[in-house]
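Structure incoming, see below.
For clarity, chains are labelled A, B and C in written order, and residue numbers in each chain start from 1.
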Amino acid sequence: MHFEDFSSFFDMGGYGLYVWLSFGAAALSLLVLWLDSFFSKRTLLTQVLNEQARQVRIKAAAEQTRNGETI
Amino acid sequence: MWKWLHPYAKTERSYQLCQRLLPWFSVLGLTVILFATVWGLAFAPTDYQQSEAYRIIYVHVPSAVLSKSLYSAMAIAAFIGLVWQVKTSFMAMMALAPIGATVTFVSLVTGAAWGKPMWGTWWEWDARLTSQLILLFLFLGVISLYKAFEDKQQAGKAAGVMAIVGVINLPIIHYSVQWWNTLHQGATIMKLGKPSMPPEMLWPLLLSILGWAIVCGAVFLLRMQNEILQRDLRRPWVVALANKSSTLSEGK
Amino acid sequence: MAALMAILKRDLALAYRQRAELMQPMLFFILVISLFPLAVGPEPKTLQLIGPGVIWVAAILSSLFGLERLFRDDFQDGSLEQLMLSSTSLPAAALVKVLAHWLTSILPLIILSPLLALFLHLSEPMYWALLKTLLLGTPLLSLIGAIAVGLTVGLNRGGVLLALLLLPVFIPLLIFATSAVESASMQLQYNAQLAILGAMFLFSLALAPFAIAYALRVSQT
């Protein structure tokens, strides 16, 4: 460990603001990027399922009206 | 010779390849990046010129290196898509673009944060930062162009042309910005002290670059999958996939 | 009143769905401003001199792009005609649409302004003056711009024509806004310029909606 204690690590020789701003911005950007990608995938898969369910409902409704007519 | 690549022109094959690679890239990327960052932040020695502020190098250089390589990758994907009419190549191109824009943004912010203690201002129109800013504009331009088209086939081709025009322009832009910078030499002098870097500082840097590359790779795999899903939303294989993943999560 | 709220919500929702399109004027704004240091050199004193003017001119030019959207989509799908035929007061509806436009096209530019002030090395008092002029002056861009857009909405190649119509009208706004920031740079008071900007704003706020409504009726017959 190059630093003596945690407070000097946090302080970064007086440059703490800039160092942590940089690392923070980098971490945040990568995190946002990853989250966006991950949740988009989720949303897309849900969309597929919803569309499928909708097709099933449409089919069922068509069946019903057809049966209704024959009776 | 490239026959082994042909199956990957099909979206289903590409999707499955991404799925297989994803856990490896994610875990490996996260591990390497964390390890290298902690090494650089806490264990690397101090620089006698810049004191602890130099540690910003461990995020600034990886993001800058990746911004350029991601743009090149994007341009290569565009080239393959345009010349061989491979749709999955355009999807790869558009999967790369937001990642490239993000890392370019990070390189700008970290560059500014490094500039403040070193040069005294948050922003300086020096050759490197200006080139990175233009690179960010190029990424955003490709993304905007793609989003402007309804027909995604057309969109891919247009964005592809734009990406290639950009990559040809990149050395020209870089050279002219350097020339402009030496014209106005009085305003900006920057020292990085790059050539002689002691190995204790160099290794965490190289490892950081590797870590960032793998993490970007993982995000690329995810975004590639998203591009594929968006195009193939109604295909039976996608429906089957969605059903399988939903029953998996319900089973939990 | 409920109808006006509905129009506002609709415009905001539509803008959100087209947010990729909204990004374009923002990118243009940043790009144009970035060109100036490349053109005149990065010397901070030079940039400070031209900075406020550059930011204002870039804002005016960027706003022209967003203005084209104001009535275009509604005109193309017929809802503009419906709006004009409905019982809702057309000037009120126009004012609401202008508000939606300002929120979605111009407010982002104002939010970006600190970054651009940084690019051009503006000092802090200069930046505060710039912000005040932007807040007072940009609604004018939307209000008066909408009049010209109302006149040219049916035209095919309205783009440059819109600029030709509006730029002369925006010159007083530009002069007073940049004069305010210049005074701030010399540590002088700039209340007079702000007051004139405020007067122009209130004047157009009161009259522009009627002018917009009239312009729409003129161009739609």
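What we mean here is this: a residue touches a chain if its C-beta (ideal position, glycine included) is under 8 Å from a C-beta of that chain, and two chains touch if they have at least 3 such contacts.
Quick caveat: nothing in here was measured; it's all calculated off a predicted structure.
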{"item": "Furthest chain, CA centroid comparison against subunit B", "value": "C"}
{"item": "Per-chain CA centroid nearest to the all-protein CA mean", "value": "B"}
{"item": "Averaged-CA centre spacing for the pair subunit C and subunit B, given as whole angstrom", "value": "34"}
{"item": "Rounded Å distance, subunit A centre to subunit B centre (Cα mean)", "value": "19"}
{"item": "Set of subunit B residues in contact with two or more other chains", "value": "none"}
{"item": "Residues of subunit C touching subunit B in the complex", "value": "20-21, 23-24, 27, 30-31, 34, 37-38, 41-44, 118-119, 121"}
{"item": "Residue numbers on subunit B that touch subunit A, as the complex places them", "value": "37, 41-46, 51-53, 55-56, 59-60, 63, 98-99, 102-103, 105-106, 109-110, 113-114, 116-117, 215, 218-219, 222-223, 225-226, 229-230, 233-234, 238-239, 241-243, 245-246"}
{"item": "Contacting residues of subunit B [partner subunit C, same complex]", "value": "121-126, 130, 133, 137, 140-141, 143-144, 147-148, 177, 180-181, 183-184, 186-188"}
{"item": "In the complex with subunit B, residue positions of subunit A that touch it", "value": "1-3, 9, 12-15, 18-19, 21-23, 25-26, 29-30, 32-34, 36-38, 40-41, 44-49, 51-52"}
